[in-house]
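Worksheet: one structure, shown below.
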Amino acid sequence: MGVPSDDPAQHKFLEARTFTESLCQNLEIEDFVVQSHPDVSPPKWHLAHTTWFFEKFVLEFINPNYTPFNPSYNVLFNSYYKSLGPHWKQSERGHLSRPTVKEILTYRKEITQKVIDVLQKHSGHPEYQNLLLNLEIGINHEQQHQELLLMDIKRNFSLSISNIQYSKGSAKISEHIPQKYIELPGGEYSIGTNQKSPFRFDNETPKHKTYLNGSRISNRLVTNSDFAEFIDTGGYKNYSYWQSVGWDLIQKEDLSSPLYWVKKENDWYEKSLYGIQKLDPNAPVSHVSHFEAEAFAEWSGKRLPTEEEWEIASQTHGNSNGQFCDSRDLSPTSSLSENCISNLFGTLWEWTSSSYSAYPGYRRPKGAIGEYNAKFMSGQYVLRGGSFATPRSHFRNTYRNFYYPHQRWMFSGIRLAEDL
Amino acid sequence: MGVPSDDPAQHKFLEARTFTESLCQNLEIEDFVVQSHPDVSPPKWHLAHTTWFFEKFVLEFINPNYTPFNPSYNVLFNSYYKSLGPHWKQSERGHLSRPTVKEILTYRKEITQKVIDVLQKHSGHPEYQNLLLNLEIGINHEQQHQELLLMDIKRNFSLSISNIQYSKGSAKISEHIPQKYIELPGGEYSIGTNQKSPFRFDNETPKHKTYLNGSRISNRLVTNSDFAEFIDTGGYKNYSYWQSVGWDLIQKEDLSSPLYWVKKENDWYEKSLYGIQKLDPNAPVSHVSHFEAEAFAEWSGKRLPTEEEWEIASQTHGNSNGQFCDSRDLSPTSSLSENCISNLFGTLWEWTSSSYSAYPGYRRPKGAIGEYNAKFMSGQYVLRGGSFATPRSHFRNTYRNFYYPHQRWMFSGIRLAEDL
Amino acid sequence: MGVPSDDPAQHKFLEARTFTESLCQNLEIEDFVVQSHPDVSPPKWHLAHTTWFFEKFVLEFINPNYTPFNPSYNVLFNSYYKSLGPHWKQSERGHLSRPTVKEILTYRKEITQKVIDVLQKHSGHPEYQNLLLNLEIGINHEQQHQELLLMDIKRNFSLSISNIQYSKGSAKISEHIPQKYIELPGGEYSIGTNQKSPFRFDNETPKHKTYLNGSRISNRLVTNSDFAEFIDTGGYKNYSYWQSVGWDLIQKEDLSSPLYWVKKENDWYEKSLYGIQKLDPNAPVSHVSHFEAEAFAEWSGKRLPTEEEWEIASQTHGNSNGQFCDSRDLSPTSSLSENCISNLFGTLWEWTSSSYSAYPGYRRPKGAIGEYNAKFMSGQYVLRGGSFATPRSHFRNTYRNFYYPHQRWMFSGIRLAEDL
Amino acid sequence: MGVPSDDPAQHKFLEARTFTESLCQNLEIEDFVVQSHPDVSPPKWHLAHTTWFFEKFVLEFINPNYTPFNPSYNVLFNSYYKSLGPHWKQSERGHLSRPTVKEILTYRKEITQKVIDVLQKHSGHPEYQNLLLNLEIGINHEQQHQELLLMDIKRNFSLSISNIQYSKGSAKISEHIPQKYIELPGGEYSIGTNQKSPFRFDNETPKHKTYLNGSRISNRLVTNSDFAEFIDTGGYKNYSYWQSVGWDLIQKEDLSSPLYWVKKENDWYEKSLYGIQKLDPNAPVSHVSHFEAEAFAEWSGKRLPTEEEWEIASQTHGNSNGQFCDSRDLSPTSSLSENCISNLFGTLWEWTSSSYSAYPGYRRPKGAIGEYNAKFMSGQYVLRGGSFATPRSHFRNTYRNFYYPHQRWMFSGIRLAEDL
């Protein structure tokens, strides 16, 4: 399958499939199996689930009489699509040793080939355009799981007493970026998109107007050094910076630093995909919850930007040469962008103050696709900008990522804003 | 104390204090003690907590050497103000038999008198204007607890096997209101307020601009009859109407109707403050969660309004003669308002699709008052419009109420909207 | 009802009924309502449940057409008799304000009178002897709830920040009793009973043989002073004294002393039914769990006695003039019994090392009575000897009390034993 | 290492080590990693933990300056010995992918060789006899984990939707055994042991007298057919057979059959180490909890035997040719033993009515070995007789196994008894 296809759709598909597998190439068999937290999935589950997605939405879509590769996979590798039948309990994905990694790689290979066959043989089919659309959803879906794979492997490895390196090598050194605030003048703007191509998720639509009351947004991400100062001045001990539920959580779980920070003899280290490394003071702080991001902002006398502010800022100050996973970097790095906002695209997903909800004019799609994004619009917050683990081709500045406010195993960071 | 004062501030204060007590006049001693759910507080706790609030923010404010009525009350009747010291665990307020109701009524009487004394003796004090502001917060706070008292008494009584009537009498008959949708044209609007008088909470400020993309809002609340149809057509059985967390909740708690509905031999009844009553088909459905409200809207092919839409609609279509607690009604009633939106003010709090968050330009106040509203801006949704249990003088159309999406013991209802 | 009857059965019945009510005479109405822990019941529930028991097993037994006082009481005041229909959830007894204390006292009065009427009118009835047997079970049942009332009131009051005294007065001073061990020679013994009169519970039967391998039992209970030494020498910090589940529990709940002990400026106090009192060093330690009792014994180089050892010791060394509730003492007191084992009867229930199980030859009774004792024979441990809160007439040396090993709100104490 | 040693201790040691590994020979790498339930451990953990045990109690015992193979293993592979330092949380053993199976097998190989070296080089050491004793404990410990490996692999595989066979082949057919009850006459007996060689666990000591009140014990185990009748006649629906906590558990977990039973179109199947097989009506019922065993006995009008009865019966009616794991059978089989009690030794562990506690005269050993058995003597029940998964050389009729009454993933069965 290493041979790229001439056809752009096929090429993109094969590229995504190959890249997923390449992310796992240094794993031991045992590493594919474990699920160290209910939010995490075993790497082998990601390999199989993304494959099942193509089986359902491409192979079965074009051929209603399609015989599934293995009927039990419809249960095991359905994540949460109630309209597609029962699914395995999410928190117990790590209870299963079978199918083996080898069986899943065989499954991947066979389905990849079948998808290619379908694409080559059905170009005249009346549903071919819809088939291509589903293919594109499947590719974008697989790209999301590429980032999840890195998040989940990092989480699994972080538990270990020994220092496991997902990759040899080390993080790039971050630049010091002097703090500036960029003005976003008050007035009417448009955000969101109506474009169909290149691909957009339903939750990015429709394009609509919004009114900005005038604010300023930081030219850089909050750094490890900034966040260490928050800790040192009692940030985790003073309720006045915190939301009530966030404060209760940090008491209950006894939290006092970002997820992967470790203190050794007065120095801060962090667990990274390169193993345990000394904290780079200029690197952007990562693996913080929405609660921590908001508390930090309150302590700073600032606030988080809204997602509207973020997108409007990106329309004029974005730098498309961000740190994405195409760079093969495995740690977020601050780098100065003269004349624009640094690290706005890539590097880290930036928490916004906006809860994740439907844009004006949005309607939940019918069928299984209606379960993709629309059923998660309660209790979550929007993150913007992509991360070093996001594929470049997967990203656009209308992209809306979302997590619960307590979560912090994703590659999340903080950018501050303030009212005029 | 029954004698009203000539001074408007004192008059308003005495009125609020007296009204709270009047809400409890038909309770048995035992009814003051129980806490049937962690969200609920025992009625005697409400009586004491509102008193403690005046003790802290009026008596202690003007006299730093003030000797508390009983030092243990600082713990027992502090709800959750971390800046004011330790507080009793909220879910265990019903574990305490002491102080007795009699002791708490004595506490009320003494603090009420001392507040009056302070108001009469300190009119020349340099902090007198701030004292009046704190008094007004205290009055508004007590009014909120008047509604909470009715909510909590209803919740406590609803558990009983026997049919407890908080009040003799019965609900008014609701009118049938033909469905219409009122257009809210797209464009710039202002919402929120900068007014200081009459009193506003901090979360209603500042006044700011917003852009509406054009929509329509229903002229009436969703009725019991509407909601029964949702149930009858499988509304609680079809995941496609529900948010994922909402669906998980109704499975786990086996929910299939609003909180107080009871089915007897194919007829729906509801537990009300008048006891168990047959469901009035034209009355507005109440005691629904945000999940239920959104699922109903999805089933209807509509959506919930945003809080901006609600407030903009209220600016031109509001009817200030709503059903508030001044009417002494104890059940929500639909009544047709010709030429305007029915039941927009009073009757029931209307769920919006807006998560509860800070307005542009809002800053969390310093000190204990910063814990009043600002620390609850995570994970909750805004309700607008007041209810039959809200004092008329407590309400204004900029008022923002907020609850968690699973909660339904408050007097919540549903109004639909749709995009143009 | 204050007038005692000439008939012994009626006299005993009236005495038990009156005594229960006398235990509540100093309570405020509010004190009757609360349930501060799932193991505890509100005092008004005890008053009603014991009444329901007579309604079921006396009034309904003799008259199958009996009309219940209030049908809802069959649910509310059935504790856990599955064979008698559904029952209210035990942990939510404190969620109910109704029926009121006054209504329950009326219920008591009416049922008491009806029982007397039945006893007087049915002496010729063919089931009269069985009626008397059920009456006796009901009286013994009510006596058990007299002790539970004191346990539960103490638990409820103990939560209070203020110092509530169930009774004015103070504990008697305990005597210092020099430690001796009494030999129990190896050999065959009989324990248990086949007697029908005076009343015995089914779990005390049948009389059967057991073999003792030879041991010694302490002449006194473990004192507060003994237990303080256990604490001071790290008893709660050293896993080597503890059972694994006990150790996990004290870590999880952060336990470091008996239930009602309070340390103030280096001195130990304890919450008692007389209010907070300084710890009497010679008084027996009380409110310890089985885990604590065993850990103390291990630390002492001794062990707990088996229930067989306890009963055999009691056959020859018991002192029937123990401290029972007839003395109106409300705190356990050590008092030297020359020539016999001190405080063996009354004072405190003594943990044994025996798990609660059926005696050889025991069969679970049919019907509701089979739920009285036999369904609790899993996971509990036997306590022997009665306490200062047990009615004297309720006790005999074959009596088997039982609690879960983590529980400590009952009047439990420790007596040590050792092998020869 | 395949070459057996001439020295009996070394031979036995090597035999145990080799047998453990042979149990895993058909596993996929993935199968070594998962932990499908908190009670279960990943197979690779068993391989490492048993090795760590020899490292601690043999290598470190004889050489206090011993350098551990890997210091982190002291945490990871310490099960629960508080006296040997911190240990990994039991319920999260399956969260770790590392060390890999290969690394653990290297660990095993190296420690096995070092133990052999120590045995060969230290025969003149003053502590040599104690070394041999620790070696024997280690071998017995490893044998216990051989049975645990089979229990845990079965539990892990049972979750799978597909039919995983730990072994090809199938269960032997069970014989029908006519029901008889064997009399155990009343009188004094001795049970337990003082023997040091062959090896006994501390909890089997000391030998002591007990008195039997006279009973009968069944000549056979309860069969699948017997248990199916219990189910068919409403055994799981009638509270009158159940202990209160057992009843609550089956309601909460919705249990209605033994652990691995599966109903397909009116026929019962069971998941076995051979995969899913049709239920053999004459085979002994297995994987029942103590609650289920007691409920079945109550339904039968019988009871479970005490552990004393079991051991006394075994002294005269035991058949040492039982079904142990040396037979390589992987499923329990009933086979008639003329003139003695069938399947008393091996086949299945038999629940007794005895809670697990210390024998008269037993003292908890000092140090880490005191944590082996003595700290689990609370809340558990004794099982006797060994199972088809127990090594023959590990078993003796004084052996006391113990589990919590709700557990059923071990190879547990039921034998009935009755009073004379």
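Order of writing sets the labels: A, B, C and D. Residues in every chain begin at 1.
Note that in this section a residue touches a chain if its C-beta (ideal position, glycine included) is under 8 Å from a C-beta of that chain, and two chains touch if they have at least 3 such contacts.
As the structure is a computational prediction, the values presented were derived from the model and not from experiment.
Between chain A and chain C, the least number of touch steps comes to 2. If you average the CA atoms of chain B and of chain D, the two centres end up 59 Å from each other.
Averaged C-alpha coordinates put the centre of chain B at 46 Å from the centre of chain C. Averaging Cα coordinates per chain places chain A and chain B 38 Å apart.
Interchain contacts (touch definition given at top) occur between A-B, A-D, B-C, C-D. Listed in rising order, the residues of chain D touching chain A in the complex are 28-37, 44, 72, 75-76, 92, 94-101, 156-157, 159-162, 164.
Within the complex formed with chain C, the chain D residues making contact are 80, 82-83, 186, 188, 208-211, 213, 215, 239-240, 242-247, 290-291, 294, 298, 303, 353-355, 357-358, 360-361, 364, 366, 370-371, 375-379, 405, 419.
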